[in-house]
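The data blocks that follow each hold one structure.
Below are two complexes that have chain A in common, paired first with chain B and then with chain C.
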Partner chain A sequence: MDRLLAKFRAPKTGNPHLVRIQRRDKIIALVTARLRLIVALLFIAGYAWMLILPTIPTETTDKIDENALLPAQINTQWNWDEVHAADRYLDQLEHLRDTNASSAERALYLQTEFLKLGLDASTQSYTFSTVVGDSTGVNAYALLAAPRTPGAEAIIISASWQSRTGEGDGTLNLRGVATVLSMASFVRRYSHWAKDLVFVVSDGYLDGMQAWLSAYHGVSQPNLLADNLDIATSVVWVALNVDYPGHSFSHLGIFHEGLNGRLPNQDLLRSFRRISRQTGGSPVILYDHIDNRDNHKSLGMLGSMLPSWLQTPILSIPQVRKYIYHASNVLQHANYQARGIGSGTHALFHKYRIDAFTMYALPATGPHGFHTLGKVLESTLRTANNMLERLHASLFFYMLTSSDFSLKIGMFLPSVICVSVAMMFHGLGIWTSAGWTQIAATATELEKSKIVVARRIRPTLPVLAIMAMTHAVGAVLFYLVNTSAIATSSFRQVLVGLVIATLPMVLSANPKVASAQQDEDTQATVAVTLKALNICLASTVISILSVLNFSLAASLAVLLGVTLCIPIPSGSSAKWVAYVAYSALGLGWLAIPGEVERMVWGWQMLGVWTCPIVCMIYTPLVLQAVIVCKLT
Partner chain B sequence: MILLPTLCLLFLTVAAVENESFSEDVALRTLPDGRVATTFTFNTILEKEAPRDPRTLFDDQDESQHYTLFPLSLGQVLREYAVTELHLTLNAGKWDYDKWGYPSEPDVGSGASLWTWMADGAPNSIDARWSGLRNALAGLFCASLGTLDEQRTTSPVIPFAPEGSLPDWGIPHRLRHASLASEHVCTENLTPFLKLLPCKGLSGIASLLNPHRLFDADWHGMGIHVLWDPAVGVQVRMTFQTVTNPLRAGNIRKEDWSFRSLFDRRIERVCPVASSSQVSVGLPSRGMYNLKPEPHHITDNMGHYDLTKDFEPMDVSIKWKNAFEYLLEPITPHPMPISFRRMLHGNSQDRGQLVVTLDNHLDNAIDILYLETMPWMVQFYLHTMTVEHNGSVDNTLLSNLSYIPPVPHAQPATFQVIVTLPAQAHIKLSIDVTKAFLRYTEHPPDAQRGWDLPPAVFMPLDASPLDAKNETLTTYPRGKRIYSSPMLVDLATPDFSMPYNVIIFSCSLVAFLFGTIFNLLTRKWVVLKLDGEKEKEE
Partner chain C sequence: MQTPSSSAVAVGLVASRLLLATATSATDYLIHDHQLSSPLTSFRNLQEGIYLFNHGINPYSGGVFRHSPLYLSLFATVLPSSKTFASILWTFCDVVGAWALVKIWHARQNVSSTPRDGLIAASYLLNPYLVLPSLALSTSSLENTLTLLSVMFAAQGRASAALLLMAVQFHLSLSTLILIPPLLMLLISTPASSLALPKPFTGSTNRLPALIIEFTAYALGLTAASTLVCNGFSWVPQTWGATLTLPDLTPNPGLWWYFFTEMFDHFRDFFLMVFSVHLLIYVAPVCVKFQYDPLFATFVLAGVLGIFKAYPTLSDPGLFISMISLFPEIYPHLRHPLVTALLHLHAALLLPLFHQLWLMQGTGNANFFYASTLVFACGNGAALIDCVRAGLRLAIGKEVEGMVVIQE
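Right, the complex of A and B next:
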């Protein structure tokens, strides 16, 4: 360190300003001379950081930041009478299921049951039309006006008709609905509610709740036709979503990712975890991932990915098992967050500033049932009822590695930022060197060894035009995939992908682009300039996204980070390989069966950004790399 | 020894007869949804007296206030500020008009609400007296009425017309009205209320006012109403209304009630100074029931008990034969002429939309006066106001619009419009609003749950004639105020839980920006020659 400082230390004599300028030049020279090394180190640091995310020493989720919540500090009143009531509701719901009751019949039944309890109840029918298919349904909802309060605030307790198991593949959430009904009959006996309680049984998986929430908040959506609600709406801070698809359950799982990567305040999840453990006596897990560290046979997908001969020796190390368990949680989180569609019905609440999560009763043969779930739900309701103000402490940016441990934003954000910075340095490096050229040392009075450099023009405008063009192509692609002709036909999707993949060839054949490739002594090539700007743009996009949707930014960092930065091979056949590889990277998603349909559905139904981001940002960025490849 | 208090009592009674009288009354009725509405009314009349003329406020001598039954502490306040008419209500809960019908006492808006008529022309301004009155009542009733300041005071004359008469002194009378939706009502407000009664809470009907049970009711509210009638005198009407839910407790499936179950008390003795003391019970029109004891007389489906005659400790109870079942259909005919909902849509912190839906349940058109006294935090864009009638826009349904715009940081808006509701119509009135950005000192130091907006007031106007054939419609009260529930609005709020992070972060940013620019502006630019390589080149 001393030596390093001595290097920059000003000599005792001389003009201090001059010394400062010299010192600055020295530092710049030092950095630029080692730019490749710095970029490489940043890349390695960034990717390594992502890999070790599951092992970073983490914060436990014991501490509750909001003092008003007071979780698990009540004696619950939910008892076997309520369990019996829930069982009776379940019988009737099963009867409705077995008789193939229509949405309207189900909603009518639910409305009648709510009315029998003395609640204000109503139904709402809705129709969504998207290019990948329409969906209709009828929601049922009820309002318990809290005694002694003016009814300006509310808590929502919801269950969707279809469980999140299989993401709406038809598994029904009958026990969840029965729990909500029984809870409605239970809570009206108490006068300690400070907020109105709204019970919602939404039809379908996500569509019903989307229609209900839009109507509740007076938000209109062009492709949605829904009835207005018959209850006066008020401010909602917290919503609890119940999902109980099985016969009994062994663990309660937390699903918390919202649309576009939004997360609920972690205090809510922490309270739920504490309540579930202390009041309900049920273990809490993240998602449906059971912590099976005692049993190496079932360590999930990650464990089984290892070759069989390696499994026993490696999996016998406890740290490895812990890593695998945490990593599977982190991967699942990244999957939900990056896709933007969220992990359940609760996902739809977050954009209205409602903290919501799904308590998922993991199907098992036992030991828990309505008794545990009801107690946990009652206690969580009481905790939400205690709130004097919205959950506001900055516990919105976190990553759960298990239900017990979480990473703060400072622990995971730098990984993506490292990659982004590396890309930015690399891009700026290319940009700078594109502005200079070596000229032959013609002047004889100069020393032979001296390299002489001169400024040259960078063709910025044509390059920006090319970049704008790729994004315009992206916009066209976005329009095309949102048409029913393409969204529903995987053949046409592949066709569109192939057409777009040929566009760089058409572009490079354009005489104007070809003529832009002038004398390299006076002007940098289009390819080099494009590459520089492309990498800089990609880096900027990743940095910005990292605070909005970390997992999406991390996915882009993995997909684009090194791939955009590596030099284009020089051989002609290698170039073609690169061309095809880049095209596959940028347009390959069009060929994944069902992926386009899912993205389009998410965009048109729920307003998930994934489709526009992929079409208008990700694909154009890779297309620019393809053009670089073609022009080099 | 026993004779002495009795003699005093006798003397008091005699004194009261001279120019003061006190009567008490409690009415109970079972509501269609199984709840029980109770209204306590305590009337004290100061006969042949008139309110104080404000022009005499600075005279040395006011008339002596020798009251025996009339509450002295309230009387002093009334004379000090020369109040002609006063209405103070402190309510908790949401009055569900669609299920419960019209309340016996019309002022049921949530929170605290105060409105007075005072004569102008006094040496000190009406606003100064209004401010003094607020603070005096705040002290008297332990309520935060002091915060009903200029930012909440309005003067909507039409819906708040005087209940009594205004003396003709040749000077105009003015209305001052303010409400505070976030005020909580509890036992600290009941204690001073009871102190104003001649028998306190010790005997008579007032002994039923047991705070443990009253404040557990689904809805409860107290009111003090002072008005003047030239034929009678100055009248103080003190009311306490509750809506209790007998079906709430445990697994009871019947809406049975008794004084014991509702108030955990019974009437042990009468108030000796009460000139009349009456218990009325609404006789339900459905089901088989048993009312005990037998009413003394029955009028208009009401059983009456006169406590002043042959009194023995009393516990009225009503028991049903069959279990209660909630109605699965709305009540017909609807208990109200109109239903309404008021909502604030939009989840952003700067814009929103106020939506009011109105349903006319009558077979004839009806005019509704709609009043908003909106704090300046929420400002209307009047040009965006639209009315949809059964789905299509029809702005002709609005008339007589008057709007006093708000003054930011100072004065609320008063918005008043007459809406014509065609027969059986569903009307949706919407108006875009902007939410103000508050100065940071304007945020209260409490937990930030949002800002309570006062209830809107709807008032059916008598203009539309009633259908004489349809007798059920004639039972609709006309020209009475209907209160919506208050709303909560989210304004842009800094995160006060971490001010230092914010201060440090923003200060660093400002220092960095300022420092850089200041440095560039004040630096002296000189040409420096780098020695070494450059010199060699030369």
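Right, the complex of A and C next:
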């Protein structure tokens, strides 16, 4: 340390200003000479941090921040009578399924059953039209007005007709619906409810609940035709979504990611975990990932990716097995969050500031059934009923690595920020060096070895125009993929991608751009300036997005981080390879079967931002790199 | 590259602005936004005040209406206060502001037209910090126009018009007071650029007392008019008083509100004084240092207002940023323009994002938004410091290899 300080300390004699300037120059030289190293270290730190996310020592999910919740403190009343009632409802639901009952018939049945219980009940029919297909259905819902209060707040207990298994591929959630019906008949016998209880059985997978919630909150959507709700009550604080697709279940899984990467308050999930363990006696897992650390044969996709001769020695290390288990959870989370579509029907609630999650009964041959699920649901309802105000402590920014452990924002955010800072430094470095040029040594013989540098101007305005143009191309692309002609035809999608990939060639043939490249002594090239600003812009986008949707920002950091920063190869054939590689990176998503359709559906039906972000931010950023490649 | 003529640029921009303001629902989206209109400039508050006024209730008796009585009398009598008309009026005012900016440029160059005119008009009409508050019908847009008009008249040497408009502006927004000294200096000297050739102040100081008396007369006259409109002095604590005592802590992109939500009550008066006086301490040094170029001093103090005034909206820093286009001679000496631009890009994205996270989505809290206002202040501060430095550095001339400029 003393040696380090001595390096910068002023000598006793001499002009203090000179010393100060020399010290400043020394510090600047120290940083600039090692800029590449600093950038490389930041990149490595960022990516390494992402890799070790599953093993970072985390806080357990035992602590509940909100004292009013008091989870698992009640004696549950749900008993075998209720299980019997649920079984009888299930019989009738199975009958409806076997007779191919229409949506309207099913909703009518549910409404009738709710009415028989003495609840206010009604139905709502809706039609969505999107360019990738229409969907219609009928929701049924009922209200139990709070017996103890004027009902200023409400809790929703919901089940969608289709289970989240296979994300709406037709697996039915009959037992989930039966649980909701039986719960409705159960709760009305008690007078301790301080919140209105709303029971919703939505049609379809996501579409029914989207229509119902839009109508409930008075939000109109141009492509949605839905009835107004006959019964609407107060502000909804919490929603519990039940998904029970199998015959019995072994674990209760938590699905919590909402639209556009939003998460519910973690206190709700922690309460549910405690209730399920202590009251229901059922183990809790994250998603449908069973913690199979005792059985190394089934460590999921990540385990099976290892070559077979490595599996036994590597997987016998407990730390590796733990890492693989946590990493599979983190990857699944990133997948749900980055795609923005959420992980189930609960995803739609978050938009309206309702904390919601899905309790997923993992299909198995046993040992749990209606008895456990009912008890857990009852106790969770009572906990939500205890709330005196909305869950508000800053437990909205977290990442669950398993149902038992979570990462705070400070533990995962820096990984992406490191990458973003590395990009920013690199971009600023290119920008600065673009402002200087080495003049050929015209000096006298005495100074032959000295390199003379001079300032030159950077063509900022033309470069900004090029960048604006790529984003305009992105806007056109967004418009195009949202038309039915493109969204439904993968051939046309690829065609659009190819056309856009040729645009940089057209641009670089433009004489104005070509002329701007001449005279490198007085002006930096368009390519270098564009590269600097492109990297700076990408860095900004990544760091800003990281607060909103960490997984999306992390995906962008992985896709764009190093790829935008590496220097363009000089050989002409290598340049073409780079050109094609960048084009594939930026437009390749158009060629993935079904991807465009999914994104367009998410945007038009649910307002998921993935489609606009990919079209108008991601693709243009890579297009700029393609242009750099062409102009270099 | 050939620049299109200023009139073509202006017509195109104005048409698109009018279309945005009247044919889309942009106004309805933006009118509630805290970053675009403060309690002192919100159009909805103005409408409420007019409603109360028309129904015979003193609008200043409640705690909502904080606009000057001049607005009240203007909108309650001469101008209809409908949204469509307001959109047209606001667009018109922005056009006048852009025109005034171009005229200031002409006065500075002492010519009647230059190829840069279109660029300067566009820097005002396309600046998002100015467009958005104007779409949100924030009265800060009108105040910017008034400031620019006043500076324009001062630059052209038309003293009475400049002083009258400054007096009006002083009534509408008390903080503008700090622009009066450089404006008076501008009136008695010349707007031409002397940044490269600093010299002692050359204006005729003996005109100064008369100008100050004239300004005071206008200000007193407007005060009398305001008092007549309100039938008493009840407007003073609600308009000027609000700037000084900060009764409404609605969040805004400035630096005051968060401090005063956190402050212990018994320190409140002290810190109100500190924050208010803090604005004043810049006036004398800036005016002394840039005595050879009062227009530049005005520009610097507009930047100070954009960062530090009470109840700012985005249009306050926006005015400063658009005024940068008046001083192309400082561009080569700017030290970190890209860093400043990136800071502004970050702030411009973070402000609405954290505002949304805190107040709409409910997952963030006030600290998030406050952090983004700090980034914004850093961006504005970086721009201001860089401009001041470049303005001073200009006088020293071209950089010589191996030599460094230092300040004693």
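What we mean here is this: the second predicted complex is superposed on the first by the 614 of 632 C-alpha atoms of A that agree within 3 Å, B and C clash if a C-alpha of one lies under 4 Å from a C-alpha of the other, contacts with A are read in each partner's own complex, and residues count from 1 in each chain.
Rule of thumb we're sticking to: a residue touches a chain if its C-beta (ideal position, glycine included) is under 8 Å from a C-beta of that chain, and two chains touch if they have at least 3 such contacts.
In this text, all values refer to a predicted model and were calculated from it rather than measured experimentally.
S.K.: In the overlay, answer first, second, both or neither for which of chain B and chain C A:Arg390 touches.
M.R.: The answer is both, since A:Arg390 touches chain B and chain C.
S.K.: Considering only the touch criterion stated at the top, classify A:Gly118 as touching first (chain B), second (chain C), both, or neither.
M.R.: So A:Gly118 only meets chain B here.
S.K.: Which partner chains sit in contact with A:Ile21 here, chain B, chain C, both or neither? Use first/second/both/neither.
M.R.: both
S.K.: What is the contact status of A:Gly151 with respect to chain B (first) and chain C (second): first, second, both, or neither?
M.R.: Touch partner of A:Gly151: chain B, not chain C.
S.K.: Where does A:Thr233 make contact in the superposed view: on chain B (first), on chain C (second), on both, or on neither?
M.R.: The first partner, chain B, only.
S.K.: Examine A:Arg353 and indicate which partner it touches, taking first as chain B and second as chain C; both and neither are also allowed.
M.R.: Touch partners of A:Arg353: chain B and chain C.
S.K.: Looking at the overlay, does A:Lys63 come into contact with chain B only (first), chain C only (second), both, or neither?
M.R.: neither
S.K.: Where on chain A do chain B and chain C both make contact?
M.R.: Shared contact residues on chain A (touching chain B in one complex, chain C in the other): 17, 21, 353, 390, 392, 394.
S.K.: Going by the contact rule at the top, pick out the chain C residues touching chain A in the complex.
M.R.: Its residues touching chain A are 1, 338-339, 342, 345-346, 349-350, 353-354, 357, 361-365, 401, 404, 406.
S.K.: Per the contact definition, I'd like the list of chain A residues that touch chain C in the complex.
M.R.: The contact residues of chain A facing chain C are 17, 20-21, 262-263, 353, 390, 392, 394, 396-397, 424, 428, 431, 452, 461, 533, 536-537, 540, 543-544, 547-548.
S.K.: Which residues of chain A touch chain B in the complex?
M.R.: Answer in residue numbers: 15, 17-18, 21-22, 25, 68, 81, 112, 115-118, 145, 147-153, 188-191, 217-219, 228, 231-235, 351-353, 388-390, 392-394.
S.K.: Spell out the residues on chain B that touch chain A in their complex, using ranges where they run on.
M.R.: 33-34, 92-94, 96, 110-111, 181, 215-220, 245, 247-251, 325-328, 341-343, 345-347, 353, 355, 357, 446-450, 452, 485-488, 490, 495, 497-498, 526, 528-531
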